[in-house]
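Listed next: structures, encoded as structure tokens.
One chain, subunit A, links the two complexes that follow: it is found with subunit B in the first and with subunit C in the second.
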Partner chain A sequence: MTRARRLRLQVFRVIVLVLGGAFFLVPIGAMFEFSTRGNRVGAPRTLEAWTTIVTYPDLLGAIRDSLGLATITSVGMLVLLLPTMIWVRLRLPRLKRSIEFLCLLPLTIPAIVLVVGLSPVYRWMAINLVDTIFLLSFAYVILVLPFAYRALDAGLSAIDVKTLSEAARSLGAGWGTVMFRVIAPNMSSALLNACLLSVALVLGEFTFANLLSYLNLQVEIFQLGLANAGTSIAVSVASLMFAFILLVILSFFGRPRRRVAPERTGLAYPSAAAGPK
Partner chain B sequence: MTTTVAAAGLGTAARAGVEVRLENLQRRYAGVTALDGLSLTMAPGELVALLGPSGCGKTTALRLVAGLEQADSGRVVVGGEDVTGQPTNKRDVGMVFQAYSLFPHLTAWQNVAFGLQMRKVDARQRRQRAGEMLELVGLSGFADRFAHQLSGGQQQRVALARALAIQPKVLLLDEPLSALDAKVRARLRDEIRRVQLEVGITTLFVTHDQEEALAIADRVGVMHSGRIEQLGPPTTIYSRPATPFVAEFVGLTNRLPGVVRGGEVDVRGTRLPLVQPDAADGPAIALVRPEAVTVASGGETAAGPLVGTVIATAFLGATSRVSIDLGDLTVLAQLPTSEATALPAGTRVRIAIRPDPVLISRDEAAPERA
Partner chain C sequence: MIAAGNPDVKTARRPREGGRRFPLHWIGALPFLIYVALFLLLPTAIVVVGAFAGKAGPSLSNITDLNQGFLLNAFFSSLLISTASAVVGAVAGALLAYAVATGNPRGVLRRVVSSACGVLAQFGGVTLAFAFIATIGSVGFIRLWLQERGIDIFANGVWLTELPGLVLVYTYFQIPLMVLVFLPALDGIRPQWREATESLGGGTWHYWRYVAGPLLAPAFLGATLLLFANAFSAYATAAALISQGNPIVPIAISNFLTSETGRNNPGLAQALALGMVVIVAIVMALYALLQRRTSRWLR
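On to the complex of A and B.
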């Protein structure tokens, strides 16, 4: 590659980065700018919209509920999907296409149709079981299936599941050990990606909650926007920043480990028995 | 590699080999017969190699012993116990796979200790045993390395240590060397044999590489179409093949057209005794090893009934393989390199065939090598 071509490529990269960054940052900057405006023309900038966030008890509750929903949905998705996908890959490969089709199906069904279908079920659960916003996690698990499936499938494809499981089985491991102590630790990035997608989706979900009359973060932001536009925008910026920070944290934990502390796997290093470190 | 584990340590670790019996195993996949009544008895501490082309059923046989697949019928008996219906994790077998199978998130030491942890061996014994096993395969200095920090050969040695650490009744080796380069393969092959003899474990070794099988095994079972065609010591398999398939699969063989008459086969004027003296008269293909072909330069003037032209010479080290064109067929002769170098391409030669007993084949097709 010539020096001129390298330079051109470098310039191209910088331009793409600047344009891409601007695409995301300009709206956020504009939102921040709006949220710090005073209440009248010519008024000085103020953080009042931000400081009043904590004075809305419903808003704090909605944030707490959305975080709870994100956690329950992620756990539910993993419990449902991970063992199923590993089992299908190992024992029932003929079902792979069917499972993939089922998992991708929610993408093709409009949210409103899903809500109409689920509405009687939710009504029944609210009357006969318990009426809590966390019931939404059942619907959210379905909603995140297509994205989580893709992330987990990529992780499973990156390792030799069959050989690893057969090796573990020949060493005396049961199926539970194979799944959770052999396969899962070797697809930690995929698990984190699936969780991240689930969390992002749940934190940004509006249609289900609104139509099923639950008050999650997005519904609360919407209602707040009708009463106090500044605070509504401030909460939106804060939730975007929260998602961004979460992404960075999960990416940090999801990096491939060059070293694993022996204690983390429950096996202490044999300082006396083995050779030099 | 000359690493030796202290006798005391290995003594506590090793378990005497047990007899392994495969009795009339049958296995079919969607109408294709993988195993067709395979029977094999392995003596305690013996290393048996199953050798054969792709699809002959050798890996299926090994996986049935491991419990990774279930037989349609037949029994697997290990140490007198019928384990046919037992799941893999209850069978007490150690296995080394063709593909690299170390758990990537664990270090070499943790990999070796994994099976011991599954057996709830206490931490102190685990440490001692895993250390011994890594020492046995000469990798005690690599205990804290992850799989991606080890070479292919080292990974397979750790896999061997891991399989042996659980003191299995039987060791199963599923083409463990096939992913390695030639030099590492030869070294690790000797290493496996040394460790197997040291531990004294009954071992089933599956390979499509005849050199590997002949070099490492106490007995070799040549498989064809789901059955063992011949089972015997490597020297017997090579020098006294029982069937044309074995003769052609193990080692190189010249297929020379001839006519069977009175318990002999006439190959262009040379009468060769038959391994099967009761063979019916008629046309047949004589299977002659290249080392049974002698060559003399000098064309028409030299001794030997057949005249041909050297067309190529393949250098193999101490010996060379010379291809001689007889007009309508090509004959291979294996000669000392010093003799072969005197026969450049184009040299007219006379060849003779040593009158050793030969096998005949009525089948035109030669078996494919894996």
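On to the complex of A and C.
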């Protein structure tokens, strides 16, 4: 590479990175700025918007509900997906393709379309079973399926499931022991990945809750925004920071060790594509 | 190890479940399949069937009802902002990806940028809308700062809550997604190709026009399609940001779905939803096609 070209490349890189950095950091900084504004023009900075968070019982309730939803969804996802994936790997390899297809399907169906289809189902459940916000978990498990599948699949590919399970079985372990005491502990970082992604997704979810008329955190923030912009933005910042921290933890726990070549699915949709937009 | 050569061991019976393989096997996958059938396949079926159902039996009335000015407009707006934000996001994201890819592949910069992109590509919805309202909304930080210097970005009306604003806000998650998708393609470019171009007497222009450009084109187009589908499916950001005047398809759907607007019409919502599915399916099929082409050279 010639010296002139190297210089040109460096100038290009610096300009692009600085502009990119500014574009992505300024809106987040502006939220901080907005949430610490005083009431009047020229009023000193205040944390009032932050301290009033605790004076909104609806908001606190929504935070509690969203955390509950995140927990239920993570647990439900693991209980549903992990045994199935292990079982399919060991005993039903023929089904692997179909399971993968089903898991990645929610990426190609827009969330709003799923809501349209689910609204009669939810109306039925609300009338015939119980009407609680936690019903949303049923839909959220579907929503997190692609991300959880990717994370768990990477974890399962990194260990030798067959040998582990045969060893355990030959020592007299039942299937429950194989799954929960032999395989699961060997893929703890993949389990953590799947759970953190689920939590981040559920905490940011707006579409389902809003259209099925449940008040989760994002819906409450949105409605609060119409009345008290400062506080709602403060809560937004807080929830954003929480999600950031979760996802940073995730990126430091690292991509799980990969032994198998990157996936060759027809639907090579990157995991990050479908956030709560 | 005494048993090693003993013929009895070889012919020992398999465990009992081996005898009746079929049922036990499939039962293992049943809970998952039932769940997916109930909460993913059933809703999809409801949308498809509902779109073709009339007051009495099957009918095309919902589909033909789509042929109304404001609904066609909604589709047009949706296609427009998805295309615009996909193209802007793809170009800007490709530049950013190139700036990162030309650095140290194990450096801090690359690690930070790819982590940040992973997070930001997920970012959307109410929070993102609020971030932009706090930045360039009518009392936003940048807006006020510019106003003090005599520049009024809203001289022709508050475009932030209109379609142009939506394009701007969408690029905030489109660019990181582009970086994530395009970085692997850029990594597939080998320095030897550049050296080969130069040893044949070609300059920078020749390299990009005849070597790197054609190689990256399928990956770039594919990523653009992905970004298009991403923007086309987005609802929450638009719902939190946009004024009621000119809705996009997801907003139109939500208006027909919720009864509070008094225009509750599930059939029409289902027809619109079907329209979205068809468009996204076409785009994703093209994407898969391009993906296959990309993998021929850039691996």
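Quick note on the criterion: the second predicted complex is superposed on the first by the 217 of 277 C-alpha atoms of A that agree within 3 Å, B and C clash if a C-alpha of one lies under 4 Å from a C-alpha of the other, contacts with A are read in each partner's own complex, and residues count from 1 in each chain.
Everything below uses one rule, namely that a contact is a pair of C-beta atoms (placed from the backbone, for glycine too) under 8 Å apart; a residue touches a chain by one contact, two chains touch by 3 or more.
Given the structure is predicted, the values throughout are model-derived calculations rather than measurements.
K.L.:
Who does A:T177 touch here: subunit B (first), subunit C (second), both, or neither?
P.N.:
first
K.L.:
Check the residue A:I159 against both partner chains and state whether it touches subunit B (first), subunit C (second), both, or neither.
P.N.:
In the superposition, A:I159 touches subunit B alone.
K.L.:
Looking at the overlay, what does A:F24 touch: subunit B (first), subunit C (second), both, or neither?
P.N.:
In the superposed model, A:F24 contacts subunit C only, not subunit B.
K.L.:
Where does A:P185 make contact in the superposed view: on subunit B (first), on subunit C (second), on both, or on neither?
P.N.:
The answer is first: A:P185 touches subunit B but not subunit C.
K.L.:
In the superposed arrangement, which partner chain does A:T52 touch: subunit B (first), subunit C (second), both, or neither?
P.N.:
Neither partner.
K.L.:
Just checking: does A:A168 make contact with subunit B only, subunit C only, both, or neither of them? Give me first, second, both or neither.
P.N.:
In the superposition, A:A168 contacts subunit B only.
K.L.:
Any idea whether subunit B or subunit C touches more of subunit A?
P.N.:
When the residues of subunit A touched by each partner are counted, C comes out ahead.
K.L.:
Could you give the residue numbers on subunit A that contact subunit B in one complex and subunit C in the other?
P.N.:
266-270, 272-277
K.L.:
In their complex, what parts of subunit C are in touch with subunit A?
P.N.:
Result: residues 25-26, 28-29, 31-33, 35-36, 38-40, 42-47, 92, 95-96, 98-100, 102-103, 109, 115-128, 130-135, 140-142, 172-173, 175-177, 180-181, 204, 226, 229-230, 232-237, 239-240, 250, 253-254, 257-258, 266, 269-270, 273, 276-277, 280-281, 284, 288, 291 of subunit C touch subunit A.
K.L.:
Can you list the residues on subunit A that touch subunit C in the complex?
P.N.:
Residues 5, 9, 12-13, 16-17, 20, 23-24, 26-31, 33-35, 80-81, 83-84, 87-88, 91-92, 95, 99, 102, 105-106, 108-121, 138-139, 141-142, 145, 200-201, 204-207, 210-211, 213, 218, 221-222, 225, 229, 232-233, 236, 239-240, 243-244, 247-248, 251, 266-270, 272-277.
K.L.:
Inside the complex, what are the residues of subunit B that reach subunit A?
P.N.:
Interface residues on subunit B, with respect to subunit A: 66, 68, 87-91, 93-95, 97, 99-107, 109-110, 113-115, 117-119, 123, 126-128, 130-132, 134-135, 140-144, 146, 159, 162-163, 166, 172.
K.L.:
Could you list, by residue number, the parts of subunit A that touch subunit B in their complex?
P.N.:
For this pair, the touching residues of subunit A are 159-160, 163-164, 166-174, 177, 182, 185-186, 257-260, 262, 265-270, 272-277.
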